[in-house]
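Going by the order they are written in, the chains are A, B, C and D; count residues from 1 in each one.
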């Protein structure tokens, strides 16, 4: 695959903060990227950070990190670390990211960028300042790196859809339909910022804007919390958790679901829905776009496929094509297997760190930027504002 | 199929007004229903009404009507006619229906019930008065008679979905995406009342309320007319039409698309979209319902199928089932073919007139009633009001 | 639709023999065809034939036939009857068809043409002789008139598939998986000729040859009867029947399933399967064809769709297109509804009698001819011969 | 995930021979398995073997192997290597595997086990002898470790399908439909043993027997080479290759496609097809099984899904369920992501080495064994024999 000599390439030390669900996906990405992609730099999994010494040491051993740290500030002091990858809940993003950028570390931060617009603004400002010093940053909207969605972006950019008229996007999950499911951190406003809206709604706001190449200009929204009180959680891991034996409960302080209409800058109408109460839908990030020349449809539950309708085709044979996005000419696919041998969820992160490393090595700004993350945050804030104001139309600043 | 003697059954004269798209579907229904369903009465296709003498005579001959009339008032005078079936554009519904009910004729009227809430109110009032005299009426929301949607209603009524959390419904077509498509009557407010909203949005308002057994209590909406001026049409037939050679154009006075959020009486959130600009979607009436115990999904483009997720199933084998709704135990199917031999669009009308005839013969009120049609009209009006008021939340009276 | 005057057209009396499952489909076709298609002649449903006077009289009334007869020979004597439509089990096809052709009646006969090659040869001979006198005949392989399969034929004929390499066809049903299902006539060799092979295997032999425009040249086969003894049936109707209370059973004398490999004249390999034991598959007539330039896939359980892969497309956007075969330019569709408004099973018969009437009126031979039916019979016989000879390769004469 | 201490576990040195397509999948498996599965031993990627010193050194660096060797015999001498993983073409399997087992190394060998029955017999014999000494072996039919197919096996083993009546399996690819595609090693009998038959047909023979828990007892077959002469290849990698500029061509000495009927020990009929000429199908390993109580369907192009029809369900709601096989209770899934976050092709290998390591650590024989591989080889040989003998029925010894 590689024509050059791996040994001659500069190494790039990575320090990662957090090793829960997102921490595991990022670790797998760092561990895998060099084996498949021809990179100008060699990432080194230098240190993993967690608060519990024993637990972080065990995680580092299992996930392949050379060392474990219990304070993220240690990463900033280490010369062998060039990248800080932040996989913690949203309430700590701003502090860590701004400090890391200040220390001259390139930064990747999980989405949503922050829990508030104010934090996101501070982060975007810090990122802009850092970029002038050649220090790069990126917010990890990993679905941009689903090959089928990257292909979708290409088709829109190539004009294959013409003028976009309709965008409909849903992100449907069902992991908290059981009222006995406990009050994990993702259901608490102080930790998570918002509920379905910020966790998964953020993804469909970003991905539709990315694919369309257009921004949302205003929204009208309704949000709902169907189950208002839940058992307290003893512990939580990833998206699953077990209620403790205790009968103690606490209030759910985030939305269970958010639905909103929107307008895009180019005149398209948008219809959005993010929910954790769509029984039977496990991770159905679905996007449909209708344009004057064609249409696209995607569902992450069939993530290797993109449906494309080309209105320029002869009427008698026109139809939605199921493109199996596994051909060498598809985005990212040249590095992987022969056609028809599918990729999985984790590869979106492998592609993400690949693009990040390429950009940093080339001295360019990776995307999506913190500014992009801030704009998504503003859309989410407008959704909440509109919902609080009787669905009144709320422009995005 | 029939155990009794056909000859002994009372006949039921039908007079139908209109023979365009809807007139043809209703004619096929009247012609077919008796051959498949065991009915207490025998419908007789007595007279077809149209304004042009030659054209209506030719249509009557082709579609199987015994006679042709050029004035619908003639139907009201004929003793051999017990049913008036109104298949005209919405602007004439109120006048014909109220007169026919007044003359003691049972009435079926195509949807939407009327072009305005005021007209619909007058019609509902007339229907209520007529019902006291044993004169029946029905608004023809034919999709209630898609077997898969009738099955959906049964599953919800049987509690298989539990508490409903989410309703998402779209009615997507693409027949006017070409800006050169002419200004047919369906694009003119005075004839059609509204655009996508009243034509196809009305269907998804009705069908979701029917399947859920719950009414919409409020909406927040956005509407749009993408192509604001179109060539004048020489003529129109069904959903297709040809622009004349003339360069003259006229304004489109209805919406091309309407999107809205909603709340249902039982607490569910609704997300609705009706458009004629969904390139590649031909007649995609799609409904998804998520409840605490299960979910349903339907797309009219695969009208013989219903997807059902039963959350009571063991996790290891749970999944959306593709129910091929062609079994003898499915609604209406006992009258048709062996399992797996599909039905088509037209059969929704056959089922509709079957249910109408049964109700009339049994002396009960068929559904959906004019009152149901009026309620749909109120939802449509609220959608327009909300769209005109910056998407402000608008309760349904 | 029609520009001419219906009244000026010659009428065409039809006499139909049989009114069970196939008799009902043909009746619906005769009743419907004139309302949708512009025909040079007007079919008249003159007489229905059955053995039981009361039953046939009731059926005639319900299905719309003007008269009932108890002996098919009566049809041959009536001057007002120009067409005899034979919907009886295969053991009576030869006698009725040959007599009817001899009497100068045009003949449609349900498939399979006959129960034996010898009978089929006699019928083909009679048909050839009759054709010289202008008397027409047709075997009713109705699936040729599924619009999606007619479109498939067009695509192959237009060269869109290139050289055909693979044909795989299955006709999967499950209506006799229950060993308590009774011994209906379709399970008895003397009535039905063969089992799944002749009933549904005949369809996939015909349809693949039709779509490919190539004949099968040889086969190697395995057949099986999974349930060898069944309760005697009191009565049977269509594909469903009820076992009598009696414990008496009888031997199943036909195959439950037949699988075979084949070669086509142009070099393609064929893989065929016909079974009544495919649990969950109701009427899954499935055809896939792979050629050097493209591929097709079809499943009757989604009969309004054709999947088409065009290998000439750019690799990045190639994919199987789901063509919704409901556009005006699709075969037969111009006569029906707007795009996206699906057709059902019964209209394969409507299209069949339409094509028959057109051919007869134009003085040409309709297809498939009795000679085509004979060739299918020879393939079926070769399948049985091969199965009896240890799957030895068996050429078709 | 792991409760024990990673550092306390014994390490297990792995030496891998080959680093082309299969070598890359196995490398990724060895690199990944420990990060997700709690293993009793820790695999160490000790050495990679290839013939070209420079190339193997570069590959080892990229794929994460500690050392590179140019002779597989070196692996047998190294005490730090306990496992030899053979990823070479089939012609070298027997020699390497027998020597490695003789040297006391546990062995994994890619499928097909060998190019001839004789070689496979020798290997199975060596494996049986080694097992008595506690030396383990496994043939790498990776599709057994697709979670959906492992679930399929469970459902059959649990009796959810009842008596199996039909098995239909296809492995469809299209990578050599272009006659200009060069003569790579997979198209040469001396290297590959056979063509589509051994390469992909072997997989569907193994997987259907595995899922059904029954062996194939006899076959009747047809094979074909559509393109008999191809340009000589300069080089080949994976499934893609480039023709050299030379006009020189050579004969294709293997089958392009093989189709065969089969009988299973329990009475089921089998219909099989393996081809590299199914235009548009990229890696469509498809299996359908119909039993008296239910049915299954699978397509690797949607590898995270299993379709299951349960005939015990109420008729009105029965249907093929699309099980998204990503729940924690599904085979292998507990180690991965939350539900709905899909796995890819490569993880079939991760699961494979996980099962291998577990078996070895527990002192049991992993499956599929060399004896299983030999039996598959006998089926393939019977297919070739039958094809050479006019499709005569050929029992499996």
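By our rule, a residue touches a chain if its C-beta (ideal position, glycine included) is under 8 Å from a C-beta of that chain, and two chains touch if they have at least 3 such contacts.
Predicted, not measured: the structure shown is a model, and the values here were computed from it.
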Inset, instruction - Report the chain whose mean Cα position is at the greatest distance from that of subunit A. - result: C
Inset, instruction - Report which interface contains more C-beta contacts, comparing A-C against B-C. - result: B-C
Legend entry - Averaged-CA centre spacing for the pair subunit B and subunit A, given as whole angstrom: 42
Inset, instruction - Starting from the mean Cα coordinates of subunit A and subunit C, work out the distance between those two points in Å. - result: 54
Inset, instruction - Averaging only over C-alpha atoms, locate the centres of subunit B and subunit C and give their separation in whole Å. - result: 34
Inset, instruction - Send over the residues of subunit A in touch with two or more other chains. - result: 281, 318-320, 324, 327
Inset, instruction - Would you tell me which residues of subunit A are touching subunit D in their complex? - result: 1-2, 5-7, 21, 24-25, 27-28, 31-32, 34-35, 58, 61-64, 173, 175, 238-240, 281-284, 300-304, 324, 326-328, 337-347
Legend entry - Of all residues in subunit B, those that touch subunit D in their complex: 151, 155, 160, 306, 308, 310, 315-324, 327, 329-330
Inset, instruction - Would you pull the subunit A residues touching subunit B in the complex into a rising list? - result: 165-166, 168, 170, 172, 174, 177, 220-222, 224, 226, 257, 259-261, 263, 267, 269-271, 273, 275, 277-281, 290-295, 309, 311, 318-320, 386, 390-393
